[in-house]
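Labels run A, B, C and D following the written order; every chain starts at residue 1.
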Amino acid sequence: MTFDVEVAGRTRTVEVASADGVYRVVVDGRPRTVDAVRAGATWSLLVGVRSREVSVGDDGDGGLAVYVDGRRLAVRVTAAGGARRRAARRRSGGEHAASAAGPMSVGAPMPGRVVAVLVAVGESVAARQGLVIVEAMKMENELRAPRAGRVADVRVMQGALVDAKAVLVVIE
Amino acid sequence: MTFDVEVAGRTRTVEVASADGVYRVVVDGRPRTVDAVRAGATWSLLVGVRSREVSVGDDGDGGLAVYVDGRRLAVRVTAAGGARRRAARRRSGGEHAASAAGPMSVGAPMPGRVVAVLVAVGESVAARQGLVIVEAMKMENELRAPRAGRVADVRVMQGALVDAKAVLVVIE
Amino acid sequence: MGLGAVAVYSNCDRASRHVRMADEAYAIGSSAPADSYLRIDRLVDAALKSGADAVHPGYGFLAENEGFAAACRDAGLTFIGPTPDAIALMGSKTAARRAAFQAGVPVVPGTEEPFGPDAAEAAIATAAARIGYPLLIKAVAGGGGKGMRVVAAPEDLPGAIRAARSEAGAAFGDPAVYIERRLVRPRHVEVQLLGDLHGTVLPFVERECSIQRRHQKVIEETPSPVVSPALRAQLTGAAAAVARSVGYTNAGTMEFLLDQDGRFYFLEMNTRLQVEHPITEMVTGVDLVTWQIRIARGERLDLDPAAVLTPSGHAIECRIYAEDPDAGFMPSPGRITALRPAAGPWIRDDSGAETGTEVPIFYDPLISKLSAWGADRAQAIARMTRALDEYQVAGIRTTVPFFRWLLRQPAFEAAACHTAYLDELLQQRQGEPFESPGEDDEAAAVVVAALEAFEGAAAVRLKADTTYREGPDGHVAYVASGFSRTRGTAAWKRRARLEGLR
Amino acid sequence: MGLGAVAVYSNCDRASRHVRMADEAYAIGSSAPADSYLRIDRLVDAALKSGADAVHPGYGFLAENEGFAAACRDAGLTFIGPTPDAIALMGSKTAARRAAFQAGVPVVPGTEEPFGPDAAEAAIATAAARIGYPLLIKAVAGGGGKGMRVVAAPEDLPGAIRAARSEAGAAFGDPAVYIERRLVRPRHVEVQLLGDLHGTVLPFVERECSIQRRHQKVIEETPSPVVSPALRAQLTGAAAAVARSVGYTNAGTMEFLLDQDGRFYFLEMNTRLQVEHPITEMVTGVDLVTWQIRIARGERLDLDPAAVLTPSGHAIECRIYAEDPDAGFMPSPGRITALRPAAGPWIRDDSGAETGTEVPIFYDPLISKLSAWGADRAQAIARMTRALDEYQVAGIRTTVPFFRWLLRQPAFEAAACHTAYLDELLQQRQGEPFESPGEDDEAAAVVVAALEAFEGAAAVRLKADTTYREGPDGHVAYVASGFSRTRGTAAWKRRARLEGLR
């Protein structure tokens, strides 16, 4: 079976097969000898005589938290071709982030409660001016305008609970 | 859904339904109020205000190891009616253990290596006479005759690796 | 001690460990603290219903609230902590400063009276000008860096006052604040105390808590690397003198600032057990919580005073938070999908987090207090480093990578830190990631992630090739979700994966 | 210490924790010890290939084999342990007895010379008659109760000799045995020692190891509840005298029997680190393994002699075995399907077992050494009791329920034990189960087992109602098996269950 594996901004194509409990792995066309066994809840990898312990956890949102000897890496595995399709869609402009000239959304960086809304629709704002204060885990975090502009939309009210990435204010 | 749940030699019929995240449980026809939530890898049960922590692990062979506030119970869950069918088969004589008069198998109590076979086919043995020595985990364990009789069959040789419950010697 | 335990819980804590470990548990309201953990009436009610003899207030929420202590007393419950009067006196930062001053202990220059919610802005500005900038605004009822702001110049004063009050009101139910001079690069050193009901007050070897981020302790250690036995005698003597002067009982901590010339100033008192108590327990062998209960029962504090001032080795605690250090320490609430905590010789992990735990948005994001002991500081640091390398979490981000980085900093190794050290250091590095795995690590991660995907898909293929049915004995092939699971993936996700991989 | 680590492994240990934690790992053969862990040639070869400087022999297999120590030395590797000569001398039980005798330390009456594989039965019988029954047969190279038998009467002698030799040969590669008188209800008390290369020998506070099952220690504690400071001085002085008389270096333990009148007799020496070293580390704060390495490097033992003889508090260790206590302690190898180890303040768990670990049939079934520290014995027992209550294992049976029972026995609480105490007690109870859950526990187990089954089936139903496909971004709904898993069941088992439940 073939997978696209994305780590640190780079995608590799990985082919895996197994026979008699031994894995054959081909990474970007190059075969690799892999002595890998599942060890309880982790994997033991021997690369030559070098021993690595690797564990994999679900990081939500389809991402994986992979720990290699304790160092954390964010990894994404998709069916072969998936990464290419995603990149193509990114190029065609389907992503959230807009260009610097267009309208700009200010989103909640984490789930929390809106303590105060500091601006109203139509108001002009300076770059780094406070827009909304969100409280999470007893700390208040002020969300600021990414650039100067006019408030086109305010989508929350004081006291509201918001999810991570929810759009709170739009600046144009 | 209805299950047969066997614990400490007694089988109860348990009906479970859920609505809006609340469980309705009926045990042997008696409805019970159960405040149960999954808590990470365990369950938290509140019976009135009494708090119990219950965890369930696979004990192999279809059995479960259920820990209730740290006390271990062996539990078996089957589809409703399963326990009855099993009991019926037991009555009809499908089980391993034979009557005291018939031939009697001496099995390995655990996986291990046969260190010595102390009897041969046809030999007469006294009750509690040593038949086979099995070594596991560096300790030797002598398996003895459950009663006096004649060795009808010896199914292992010295040096053999045996599984738990494998029949080693038959006495008649 | 053979005592039964009764827990209380808010809605989002129904499944939490303290509920499961207790003998009985009582629901006290919804998740927002104001509707549950800050509701004195409901807490007392639950205690009375359960027939409990005594109430331990923990170290958050109402642990320093004299109203709660008084309500327990009035209901005939033993409050495991100081008297309401002592909490009122020493819990008010301004009153505590007066008490220290009267006991002959130096205090940091600052306002003598708190500013309530109605205090005029002009009056505050006048007091601030007298004390001088830079200064600190602090919540009278505060603790843990909440309700605290540094003000560098007069024009920032009103905004900072507003923010500090709002935080203090939300966190402690009291928006009163006061102002204090900001010393130059001081260390934060504190003295744990126990006092019994018979007049004995015992100070313990000091803790060093100078490593702070935004006024919140992140690493504590004991003993302080810069406190000599002579200074320890002075410092702990001063702490005990203040406690004796107010008839203090049960556990508490006197916090001091230590300036670069070795002079110390009383800062404030925490009239409760502190988050960092494990390290004191590690170097003295004294179980502080057990002693809190014994003292509340009226037992005599018969510990050897010299022994609890003489540390056996060195201990360090890292406060592990559900925060993303690579995103400016943004809170990272959510579900912990996998957790491997640290363990091993001379490691202690005080934690309520497990695989499956939902870290809520309502409370402080502390998920573990990881402590390490060593015969000396270097050994304690080495053990902590090893333990942090073992600590693995998926589903949320934590400050573990930050601690791995911090323990390698030369200034930390040399113990050359002050209370602003960490904030300055963090500002310098401008958001550079705390961890940079190498090429080899990437290659290993790629291979294992692919193996996991392959294994998952293989299990689904296996299914497709096989027929299953109920066994002849009615036995159903069954694997419970288990209290700790190695393999296996939710069926529908597997199925989806298979279809995706086709 | 910042050292790299190289592991060796037999086939069945490929996935074990020591391999994963090491920097490098070398395969040394198949699972039977004789083909791997007892192969000196392969061990030395692996060490040389890896470029290692030193070899730590652990505490099993070849840890007390002078041939291995010599092979390391001859290959230019530092052996982290005593010299080959010291191992040969003190590892031979008969030679060690002579050394003790010559150092003026009393020894248990017994044969002066070992009986090799060719010794005549008649000669053994004569020696046995001279010493008197009941007596003990012991392996000259033995340890851990292996190769040991009690003989009550002359007619049982030949069988017991045969069994002891066979076990000793399999376990230690040396079938030689000797005979010793059996004292009446003695205690087993032992003294940990460290010796450096510069002539310093330090004895540590004694350990009490009287709780034994079939001559194998099951609980150890320190200090001994019956050893006074005066007796401690005599006992540790005697141990150090023997060690000095033979120029002993690195770690070792002198074992003594203590009779009912407070007289002690040298029993034997273990020329290695012992299984129970954690409790000594807990009450002294000394890391014995680190010191073994420092000594091997030539460093001077600069610990305070008085401090290591003065226990700080009390520590207890329970050896948790993969054995079924309710089936006569029958070994219980197999796969650990779920494990929740004990943790918490003042608890130490030295274990290689995890969820998913396969406990093999080839080696000793010790899966965890659980240790607890307390300010006094009662507190240590209370903490151990709590830790045992937390320890949960599925898939195999363990001795945890047995320890929970044993810690409640009045004789244990009163510390009124001798080496035969436990065997006598176990005989009295005639296989009664060690744990009897109540009606309430059964009811709770029934409900939760049914909920688990329901939840599993519900997940399958959910699948049947839903259509899944690859997302538009090529993302596949994916959950890895994870390093610790909460929910989810292998797809094919779920499917089987659904079909079974229909």
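Here, a contact is a pair of C-beta atoms (placed from the backbone, for glycine too) under 8 Å apart; a residue touches a chain by one contact, two chains touch by 3 or more.
Predicted, not measured: the structure shown is a model, and the values here were computed from it.
Touching chain A and chain D together: C. For chain pairs B-C and A-C, the one joined by more C-beta pairs in contact is A-C. When you average the Cα atoms of each chain and compare centres, the chain farthest from chain C turns out to be B.
Mean C-alpha position of chain A lies 48 Å from that of chain B. Here the spacing of chain C and chain D, counted between their Cα centres, is 37 Å. Chain C has its Cα centroid 29 Å from the Cα centroid of chain A. Of all residues in chain C, those touching 2 or more other chains are 337-338, 340, 355-356, 392, 394, 449, 452-453, 455, 470, 475-487, 500-501, listed in ascending order.
Listed for chain A are residues 38, 40-41, 55-58, 64, 67, 77-79, each touching two or more other chains.
Contact residues of chain D toward chain A in the complex are 7, 14-17, 19-26, 49-50, 336, 354-357, 470, 472-485. Here chain B touches chain C in the complex through residues 4, 37-42, 44, 46, 49-51, 53, 55-58, 62, 64, 67, 76-79, 81-86, 89, going by the rule given at the top.
Put simply, chain A touches chain C in their complex at residues 1, 3, 5, 7-8, 10, 12, 14, 16, 18, 23, 25, 27, 32, 34, 36, 38, 40-41, 43, 45, 47, 52, 54-60, 64-73, 75, 77-79, 109-113, 115, 135-141, 161.
Within the complex formed with chain D, the chain C residues making contact are 1-2, 278, 281, 285-287, 312-313, 337-341, 343-346, 348-350, 355-356, 373, 375, 379, 382, 392, 394, 449, 452-453, 455-456, 459-460, 462-463, 466, 468-471, 475-497, 499-501. By the touch criterion given at the top, residues 146, 163, 166-167, 170-171, 322, 327, 330-335, 337-338, 340, 361-365, 388-395, 401, 435, 437, 440-455, 457-458, 484-487, 500-502 of chain C touch chain A in their complex.
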